[in-house]
Amino acid sequence: MHLDQFIHQQRQQKDILLMSHTVLGYPAWEDNRKAIAAMVQAGVELIELQFPFSEPIADGPILLAANHGAIQTGTSIQDCFHFAAEITQRYPQTRFVIMTYVNILFKYGIRNFVTTAAQSGIAGCIIPDLPPEQAAAYITICREQSLATIFLVTPENSLQRIQQIIDYTSGLIYCVARPGVTGQQTLFSTQLHQYLYRVHAMTSLPIAVGFGIQSADDVQDLIGSADIATVGTYAVQYYCEHGADALQRLMQGLRTG
Amino acid sequence: MHLDQFIHQQRQQKDILLMSHTVLGYPAWEDNRKAIAAMVQAGVELIELQFPFSEPIADGPILLAANHGAIQTGTSIQDCFHFAAEITQRYPQTRFVIMTYVNILFKYGIRNFVTTAAQSGIAGCIIPDLPPEQAAAYITICREQSLATIFLVTPENSLQRIQQIIDYTSGLIYCVARPGVTGQQTLFSTQLHQYLYRVHAMTSLPIAVGFGIQSADDVQDLIGSADIATVGTYAVQYYCEHGADALQRLMQGLRTG
Amino acid sequence: MIKAAAPLISQQGYYGEFGGRFIPEILYETFVALTVAYQEARCNPAFWQQYVATLANYSCRPTPLTYAEGLTRHFGGARIYIKREDLNHTGSHKLNNVLGQTLLAQRMGKRRIIAETGAGQHGVATATMAAKLGLECRIYMGAEDVERQYPNVFWMRQLGAEVIPVTSGTQTLKDAMNEALRDWSANMTTTHYLIGTACGPHPFPEMVAWFQSIIGQEARSQILTQTQQLPRAVYACVGGGSNAVGLFSGFLDDTAVELVGVEAGGQGIHTTHHAARLASNAASTGIAQGYKTQFLQTSDGQMQDTHSVAAGLDYVGISPILAHLTQIGRMRVAFALDTEVLAALRLTLQTEGLIPALESAHGFVQAFKEAPNYTAQDCIIINQSGRGDKDIFTIAEALQEPEWQRFLQQRAVQS
Amino acid sequence: MIKAAAPLISQQGYYGEFGGRFIPEILYETFVALTVAYQEARCNPAFWQQYVATLANYSCRPTPLTYAEGLTRHFGGARIYIKREDLNHTGSHKLNNVLGQTLLAQRMGKRRIIAETGAGQHGVATATMAAKLGLECRIYMGAEDVERQYPNVFWMRQLGAEVIPVTSGTQTLKDAMNEALRDWSANMTTTHYLIGTACGPHPFPEMVAWFQSIIGQEARSQILTQTQQLPRAVYACVGGGSNAVGLFSGFLDDTAVELVGVEAGGQGIHTTHHAARLASNAASTGIAQGYKTQFLQTSDGQMQDTHSVAAGLDYVGISPILAHLTQIGRMRVAFALDTEVLAALRLTLQTEGLIPALESAHGFVQAFKEAPNYTAQDCIIINQSGRGDKDIFTIAEALQEPEWQRFLQQRAVQS
């Protein structure tokens, strides 16, 4: 089942879905397992597995440190795929997407990377430094392998650019809530809703919103405007500071208030 | 009696005369007294009293340090004149000349300086940074006051220049033995004698030779070529290192071998 | 008056397989606007005239091409000419690019400038122009470089810039560049990110090369005036590649002129302490910091540590333009070891009275190796991209000058 | 091409009552020969052409005259222009004179150059030209200045010069000058003594002023080109006086142009810590170091200690040319306090992106005081005689920058 179908199906029963995040190999593999278990328990429908990269230019300080931490402890891309295979098998009800940077694909070989991802049960990829117009080969291979090509749109984009991005996107469209990198808080505003409304008017793709979502209020605010609320940095940070149980309570509370 | 007459008179009895040196106020006035007494005892006919100056560009390290030492202990030009008056009175058989730099005269007022020098019993002045062509007023006043204007000639000078200097000189002509400043040793050579011979041929003024004379051999070597051997730096240094008695023996030994 | 150089125009941001623009989407419109502004400026002769006039009035332009009589005699081969970018205001070629980009940023109505810096020369140049034009300025600099190059940090701050030590990663240039990109992602409407070398996402390599092409344009006309001939070879050090591409641009069409880039061989290209990307087999094609080029990276694509005695050459990537010129055989790449660099520096000091920056001295090393192969009929040009005053701490330490140590100890106590 | 300036010709070595030549007889013939060589060169247009061409090819000449838009706006009076001697090779106007005198020394067949230096700028310039021309070089420098200005000592030695710390007297510039004169007295046949400022026995003031007149000649033609008018006033700091007389020479005959020299007020002209000779009542006419001028001296004629935050202004005498110009009312003299100098420096850094040397900043202080008295129709020129990079130790200490201290401590341990 394609990712967009999965999302539409889930949305039949829920006002909004949750997507969360873990950086593979950070702080340790066992932590990834615990954090994912907790998030799955909490009902999180989608989880981003970040394959670490030494130059994560779209990430703020917390994920940046997590990337470097993971590399420092020896995390290889091979390890990441093994882990992905293990975890997608363990949680067949949850959808996992890879978040990483283009150099990781490039060095692995794009075909090789996408194929391996598909074989590992991955539903799609988010590559924040790969603009769609540079992504022809990647998109073709993802289509072959039924992997979602999740691109980002931002409040700065023109309508024309949004349309262009949508044309290359499958699975879901990721709406960045504000300028900047991951991890800073976002002030929700009418402008945000207008922007989401604009995107919504242009596509039937499910809409995920991310960058800076932290609270039940934030999530509540997105109901009606988006299909998925993405809690990335905050989930990683919360796990590190408070542990798996607390993370589970946090994620549960996001939709129950 | 004019300085040149004094020298001619002395030379009747002696092959060569001695001129020596003390820096006033250095190390202390009492030392000047002791050194002068020793030199007079040793038969030295002429003594340079150096009035200290902060920028003694014609002096090497030893006299430089002596000048600065004297200024640092508060030696004033007034003090120097008082001392000169005292000492010329005490040793009427000896001739004392002032050695200093032009700024000392200039600041004191040239007329004032020369007059005071004459009144203090001084026989002449050596001003190494006052070239004769800059010295019109000084020369005029010295003539009035019967003070010898002792200028220097050097082995570098052209015959024409030597003649020009001689024209302004009275008392004695001071032949610098070599390039450089006071205090370094001099190698006596045929060239030196030829140079002294040249000067001799041009004037009937007594000839003093200075810069670097230290030993009886040096003095011996000058007999016939010069009227006066000047032992400056070495005398000052010798006194400081060995005291008045030793200085007296040194000076005595210079002519007796 | 020197005319605007036909720039090394990219094919939609690419030079062969290198270049491109790999950026977070949030910066897309910013890059579009920048590219448009750059291309408008490029098509507008008045802009280039303003650029040249401002450089002439504020910096030392044209910089001289100095005949190095002493070095020529010493090596007994080609007549050696030195292009004097060290005479620029702030002491290196970096000011050319900074001045050009700040003029552009002003046209675009930006009130704030950010930049990355390694050795600090680009940071000082940027802080300088920001001060002159009344723009807000923030400089990102690896925390390790802040420590190593503190005098430049001092001047940047005195010039009114905010200097942010970057503590992530290797705490050097590439991390500072990442951090600047992050800042830009948040503040692109008010801010221009002034990249300091011919790297980064399109249009930066092309634009920086265009501004720096003034070096090569001047050098070409100067060598023709002075010798009535073209040089046999021209030499430049290669960090990011801006001074090299600047010089080379003047001779690109003169196919008989060899273009020689010199990378940092550090402690040896078979150690892990070097930054020789093209001159060693250690690099491979990759995509990072927004563009595709040859990087020193692991097989997984993680960037590696680099080293050079010259902080400004200690960079993991390289201009896509140079990667391409090397690939097609138009340019030759060599490397110079730290020890060779110090020796070349001393010789140049004592023979010409010139103090090349440690970066620039890399170019001198290779030119010195090759000069004897030519005859007195030939001439060669070395680019002295900057002056070495800034390197006194590094050089004195490398030479283990005992009095320097005493001096520092004493000042450290006094201050 | 700028023509050789009609120099400020002396009357047999005198400018009014100042100047002259008061030297030990041993140097008489040397001075005669030097004067002849200088006068021959002066009458030979080819010599000046060679001088200008060598400067253009080796240093930054003509140096720009930069319009200081930010400072002009800040003070809201005269339009402020800055003559950029800081862009010269080695970082100050000192190179002009050094280059001129070394060309002359070569013509005279001298193989050895000696010089005195205070701040070290003249020493570095001399060591530089000696290296370039293959001449032996020895620099005399007060032992205290060696300590204070060690970075310059380091470079002089790297350039191959021998640096002799002078431990006599106040251990500063005047003592170094005396020591150089002593050396010359012993080695005049092989050696040229390259005096660094418009002081010393004739023909030095005239000759140095002649070489430095290139500053004023350029500045005059530049201001006319840029503004179609003459400046209301021109400002320069005054140590020995070479940069000031160099700038002023261009406007001497333009009687409407005020010539303003700025001396070091140090900690105040009523303290004993200053070097204000003409701007205070503390100086009187005297004869030392071979020439007659206004000296800071006791009533007995002993030279006094001087002080300035700028080592290059910390001198007890002054150019006889400037003493004369002041006496006849053609020039006005002011002073700047150490604290004012640091404030002017910061303002200039943050408003123009320029780093004047501490010496030069004295001229800025006075210009800043007077700029508001003029209108936007008027313009003034300030001479930026050198760049302030060399002053980082002094400035950082004066500003009590805590990170600088940390940095030094750390480098002192490492090295």
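Just so it is clear, A, B, C and D label the chains in written order, and each chain counts residues from 1 on its own.
Assume a contact is a pair of C-beta atoms (placed from the backbone, for glycine too) under 8 Å apart; a residue touches a chain by one contact, two chains touch by 3 or more.
Note that this is a predicted model, so its numbers are computed, not measured.
Peer 1: Through how few touching steps can subunit A be joined to subunit D?
Peer 2: When the steps are counted carefully, the minimum from subunit A to subunit D is 2.
Peer 1: Counting only Cα atoms for the centres, state how far subunit B is from subunit C in Å.
Peer 2: So the centre of subunit B lies 66 Å away from the centre of subunit C.
Peer 1: In whole angstrom, how far does the Cα centroid of subunit C sit from the Cα centroid of subunit D?
Peer 2: 33
Peer 1: At what distance in angstrom does the C-alpha mean of subunit D lie from that of subunit B?
Peer 2: 38
Peer 1: Specify, in ascending order, the residues of subunit D that touch 2 or more different other chains.
Peer 2: Counting only residues that touch two or more other chains, subunit D contributes none.
Peer 1: Give the residues of subunit A touching no fewer than two other chains, as numbers and ranges.
Peer 2: In subunit A, no residue touches two or more other chains.
Peer 1: How is the touch graph of the chains shaped: line, ring, star, complete or other?
Peer 2: line
Peer 1: Show which residues of subunit B lie in contact with subunit D when the two form their complex.
Peer 2: 52-58, 60-61, 64-65, 68, 71, 76-77, 101-104, 106-108, 128-131, 134, 151-154, 156-158, 161, 165, 176, 179-181, 184
Peer 1: If we count contacts the way the header does, which residues on subunit C are in touch with subunit D in the complex?
Peer 2: 56-60, 63-67, 69-70, 84, 87, 89, 91, 127-132, 134, 147, 150-151, 153-155, 158-160, 346, 349-355, 389-390, 392-393, 395-397, 400-401, 403-405, 407-412, 414-415
Peer 1: Can you name the residues of subunit C that touch subunit A in the complex?
Peer 2: Touch residues, subunit C against subunit A: 20-26, 28-30, 168-169, 174, 178, 181-182, 185-188, 284-290, 292, 295, 297, 299-303.
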